[in-house]
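Comments concern the structure below.
In order of appearance the chains are A, B, C and D, and numbering begins at 1 in each one.
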Amino acid sequence: MDIIIASFLEDSIVPKFNYWIYVILMMIGLYAMITKNNLIKKLIGMAIFQTAIILLYVSVGVKADANIPIISHHGEKDHVEHAQNENLDSASEGSSHHGSKKEYHVIDKNKFANPLPHVLMLTAIVVGVSTLGLALAISQKVHGSFGTLEEDEILDQLRPGGHD
Amino acid sequence: MKFFGLLSVIIVGFLLLSATKDFPNWGDEDSPANSGPVSSFYIEKTEEKTKVPNMVTAVLADYRGYDTMFETVVIFIAGIGIIAVLRTYGNNESIPKNQVGDEGAGLLARMTCSLILPFIQLFALYVVAHGHHSPGGGFQGGVMLGASYILLALAYGLARAKSCFSEKRTLVFAALGIFIYVGWGVLCLVMGSEFLNYSALDSILPGGVEMARSHSMLAVEIGVALTVTAIMFSMFSNLSTKGRLDKGL
Amino acid sequence: MADLESSLIPFFAWLVSLVAVPAIILLGRKPDAREGVTFFAAIVKFSLVLLMLPLIREGKILHFSFGEIIEGIPIEFRVDGLGILFAIVASSLWILTSLYALGYMRSLKEHDQTRFFACFALSLSATIGVAFAGNLLTLYIFYEILSLSTYPLVTHHGDKEARSGGRTYLSHLLGTSVAFVLPAMIYCYWKKGGDINFTDGSLLTTNIDSGAGLILLLAFTFGFAKNGLMPFHSWLPNAMVAPTPVSALLHAVAVVKVGVFCVIRVFTGVFGIDLLRDLNVAVVVSWIAAFTVITSSLIALTQDNLKRRLAFSTIGQLSYIILGVSLLTSLGVTGSILHVAMHAFGKITLFFCAGAIYVTMHKKYVSELVGIGRKMPITMTAFAIGSLSVIGLPFTGGLVSKWYLVMGTVDLGADGTVDSGKIALLVIFLVSSILNACYFLPIVYRAFFCRPEESLYEGGRQEAPLACLIPLCITALLSVISFFNPSLFIELAGLIIK
Amino acid sequence: MTDHLPILLLLSPLFGALVCVLFGKGNSKNAWIVSMISLGISSILSVFLLLKVLSIKGGDIRYRMGGWDPSSGYEVGIELRVDILAALIVLAVTLVGFINTIYSKTRVPAEVGEKGPFFYALIQLLIVGLCGIIMTNDAFNLYVLIEITSLTSYALIAMGNRRAALSSFNYVIMGTIGASFYLLGVGYLYIKTGTLNIDDIHTYLENENLWTSQSIIVAFILIMLGVWTKMALFPLHGWLPNAYSYAPSMTGTFMAPLMTKVMVYVMIRVMLWLFGADFVYSEDSVWGELIVWMSVVAIVAGSFLALARNDIKKMLTYLIIAEVGYMVGGAWLNSLTGQAGAFYHILSDAAMTFCLFIAASIVIIRTGESRLNAFDGLFRKMPLTMIGFTIGGLSMIGLPPTCGFFSKWYLISGGIESGHWEFVVALLFSSLINAVIFFKIFERAYFGKIKGIKEEVSVADIDMIPAEGIKSVPASMLIPLFISALSVLILGIMNKNLFSWISNALKMING
């Protein structure tokens, strides 16, 4: 029995803990969004939800022994000369970079984290912030017109007049 | 409702987890996402093609510049959306000068603020400008710049902050930022290549195709920074005053 | 196989009454000019239809297409014998009805006469469109247009009763057509692989099994609920709230005949007699029709409101037609096609008389008509002739068509059909005829030979206004003539059968 | 220059929005002019785009942002992709936007007051987002654009009264859940494939044959859930009715025709392009039957809920929910006719919903009554408006020659082809319910007593229609109504060409 649990830990949880964390966070956020009665709490849930997704994306781009995806500038000048004859043969043989690739100092792609998830998540963060701000504005309007942010109280206010 | 919510949440959770069993492990270098042609292209070719060592900036502002343009638009929408929802044009003539300083924080906070504000803004500009070589870029710098104004509003009251960043000005700056971004793309289009294809600008920018891309990235980052700064401040000022923009907090 | 000849005449015949509509609306303020337009349109239409008649008799099929609307389905007119026969009946009676309506509406000072005449013309266009329709889609479109354009006529009075009548009217007609005809039509389209034009043979190839065939047939038969087949008949009595000219033309001729016309089309043009014989499913329809015949006649006996009684008799007569077609014997089909015309003449006469009585004496109940024959002899004579024709007694056209129907029944089992329940059907014909007699003749008898109550004596003879009187005389005359000289109709019917 | 059409028709409203914002508060008139110009330009451009796509037989226009050529067969940049389907929907979006702007001329000052410029900016950005969604070929870019449309619509709805703010908040919650599910799905796809371009994802999945992989299936389910939430498929429809009926009228008239339809387009795109027909309609997948049944439930429930409503706009919104059922069901029928029918229904439903919403808004504004009894006697009082409403209603019922009839025709034949009789029955049923709903209204409008006008007048001869009813509706509201009503008829008349274009384009992807 515990063998099974241990193996489960071995294969499914320990090496994939990032997914577990994000799923748990996501569930917390989603639960808050669905069931919370207070509008602001719903928004907090929303923020947690989006953060969980960001966590997922970023955790995908991680490589075991990699650094941030920025090429540090040691050897500035050979860089420059490479750039020059890069220009030369790009002028000579069109824009085929295979010829020039050899004399360029080769970049080991496992030394750099995957940049794409970071970019995507930059976008996602911005979207999340915007949504949150707008939602806060709307909830302020709701509060201004209903005097409360508790959903059930608002619905009580609407019941007599509202036909829906 | 609670039970239903819990149930659905758990269902979704299991759905999501069930998929992870054939996902790559944490930090796997050979996962499709990490070793795929796209990401390897970004890592290996970015500096060669754009002279920008910071791949994130390059991908953000060049390869996926179209995305980033809309990202800026999203910020813009949030800003004017908040104004459209919340702003109330009541008696919102700005508070006369003699009252400036009635609100806001105490003396100590103001002094500290006035001491560190220049450095914050300077650093923000650095983050914008140096985004090619170090972590940073338009969004980060813009947020810092906006935060500096928010700090000003916190310390000296909203009126003070508005005196140097009025609502009209925020809108103009926000629009201007997007205009710079989109206009830059249109410039490439006018130069006869695709939208946002910066390589078309090497005839008017120094340093060859790659440097043209690099410079263009700086330009669009500046546009982003403008918009983000303006919208951050306008968001704050609207949300903190329920859209009356009279007195902060 | 008749030869197709493309021609513009059908289009113009259809167009005339359509262009009349805006003219009528524009001339709304000048009633005389308005009715003038109506007459003009009616006469032009009739003459155009007559113009086509010789060509059709040569065995040609006139064809006009508006162009394809769905892949493989044009909106097209395709005038053959059946179509021209129906068109003749409808357009000729339109003239008379316009005259009658003129007298009726004016003497009753009805409101919204412009709307009335406009919708009338529109519905005529739709009727002609159905008569000439070259494929199921065209048929369906004009069928719906007819339903919609007659709705304002049915609910003309606008009071509560009229509204509920109109509601039943639309809900039955639209509901059944959308629910049954539309899917059936699309099924045919899909089964045929992309065209649903009527053919002389069978539209559906024989690859359809009898179960699907039965469902399809029933869908069509019930779908065209204008044919008043039970259980979707109740719109017809309720539609009798309409002014009498409407009941006369639409619910004795146009609308209901459109219903049976569609059924005949489906039998002859979509399935084809031979296919139906192979499938051996039509017998179901014929039994439903037979049931309707008897039931409606029994109900008609109990009705005291004259127009409602006429309505139920109409239901019965329509079922004759469906029954005749569903016999699948050539005589039977001929009989039903004839009955379309004969019953039209007879029944419109009856409705005209009912309207005339209402206009002059303001009586609408059978029990009030005692001795009325002395008061308005001409009307009641016409009424007698009409009822004779509907019952199917000698010297009226009704006899001819009924004769063919009975002979068609006798033919059962002769040419390849199954003679299931031949005797029973014959009995049903007999019984129903007796029932028809039972609910018509007493009216005539009491009108002439019973002594009326005092109120009817003063004023002496008092007929309806001429505008009402002339048409009913003419129609009565027509139903007599059609007994002595039915050859034209038989010939046209013969064009469908081969 | 024509190579740049796709981006140009996006940029025109974008610049328009910037200019509108610069006008600042109060200046609605100029903002109206600007948005008329920008949207007019983009509609003209989208016409040209359609012509261009039609001119290249069956091909599609691809536009690489930043001119990044693919490396080793995979797109590194973002790519726009326009085929006939996309061009048609873009045309519909821009035209509806333009016409709706005409409609909003008098309404904006009345309903949002000094914030007019912001309204116009938001609506133009919404159009930018919708067009971008339709044209983009990048899964993540699609997410960003979906969020643009969502944010703009949250703001536009919340500009209404207090009920509008509340329903907009619910919309925020639901919309964010939907968009996040979509984002999660894209993330799963990215984890498995390492690319974001829709075609590349498809080819990668094809080459690696990952169709049976659990994560791909989950990704598909997530994306579908997200899209369904955004398009308000029946169980997830809660946010829609209030949001559309309490929003400012010109917001409702713009969103009701477009938002759900564009999401349906996204669904079809994801189904056929991103995942591919073999995966979506595969025999061993349980969802095919299930989702058709879901759509049946959606149709029936939507019709019943609409029947139960006494509020005009609510009723129309529930009809929209039923229509969404039509389209989802048609797309899932696994028959080309069904898919093409669903697609044709996107266009026709946009037209008729637009027509009905404009008419309903005019009625509500003029009579000041949002219940059905607003229609009493309107055939005499405002006949022109009622003509438009009648055309829309007949199309909803599905009577020829309106486009509603033909879309029903194609959907039903798709159902018959693929043997989904339950779908056919549901369609017929909903047409019957619609018939009941609309003829109830027509009867009111036809016989009902006009408020304020005496009985004998209301049954007077048709010649003496009280004329002020007509005059009281400004041309800026009637013209859009007529254009939309006309488009309902035109779409019906030229359904043959449209359908052949659509089905050819779909044949290409279905192989």
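Basically, a residue touches a chain if its C-beta (ideal position, glycine included) is under 8 Å from a C-beta of that chain, and two chains touch if they have at least 3 such contacts.
The shown structure was predicted, so the numbers you read here are calculated from the model rather than taken from an experiment.
Chains making contact with chain B as well as with chain C: D. A count of C-beta contacts for the chain pairs B-D and A-D puts B-D on top.
Centre-to-centre spacing of chain A and chain D amounts to 30 Å, using the average Cα coordinate of each chain. Between the CA-based centres of chain C and chain D the separation comes to 44 Å, rounded to the whole angstrom. Distance from the chain A centre to the chain B centre is 15 Å, each centre being the mean of its Cα atoms.
For chain C, the set of residues touching two or more other chains is empty. Multi-chain contact residues of chain A, defined as those touching 2 or more other chains: 30, 60, 116-117, 123, 127, 130-131, 134, 137-138, 141. Annotation for chain B: residues 16, 20-21, 23-24, 31, 33-35, 38-39, 42, 45, 64, 67, 71, 74, 77-78, 81-82, 85 touch two or more other chains.
In summary, the structure contains touching chain pairs A-B, A-D, B-D, C-D. Put simply, chain C touches chain D in their complex at residues 25, 28-29, 68-71, 111-115, 137, 140-141, 144, 148, 152, 155, 158, 163, 166-167, 170-171, 174-175, 178-179, 182-183, 186-187, 189-190. Across the complex, chain D is touched by residues 15-16, 18-24, 31-39, 41-42, 45, 62-67, 70-71, 73-74, 76-78, 80-85, 87, 89, 168, 171-172, 174-175, 178-179, 182, 186, 189, 193-200 of chain B. The part of chain A that touches chain B in the complex is made up of residues 12, 15-20, 23-24, 26-27, 30-31, 34-35, 59-64, 66, 68-73, 83, 86-87, 97, 100-101, 104, 106-107, 109-110, 112, 114-119, 122-123, 126-127, 129-131, 133-134, 136-138, 140-141, 144.
Against chain A, the residues of chain B that register as touching in their complex are 1-2, 4-6, 8-10, 12-13, 16-17, 20-21, 23-29, 31, 33-35, 38-40, 42-49, 51, 53-56, 58-60, 64, 67-68, 71, 74-75, 77-78, 81-82, 85-86, 133-135, 139, 208, 210, 235, 238-239, 242-243.
Here chain A touches chain D in the complex through residues 30, 33, 39, 42, 46, 49-50, 53, 56-57, 60, 116-117, 120, 123-124, 127, 130-131, 134-135, 137-139, 141-142, 145-146, 154, 158, 162-164, going by the rule given at the top.
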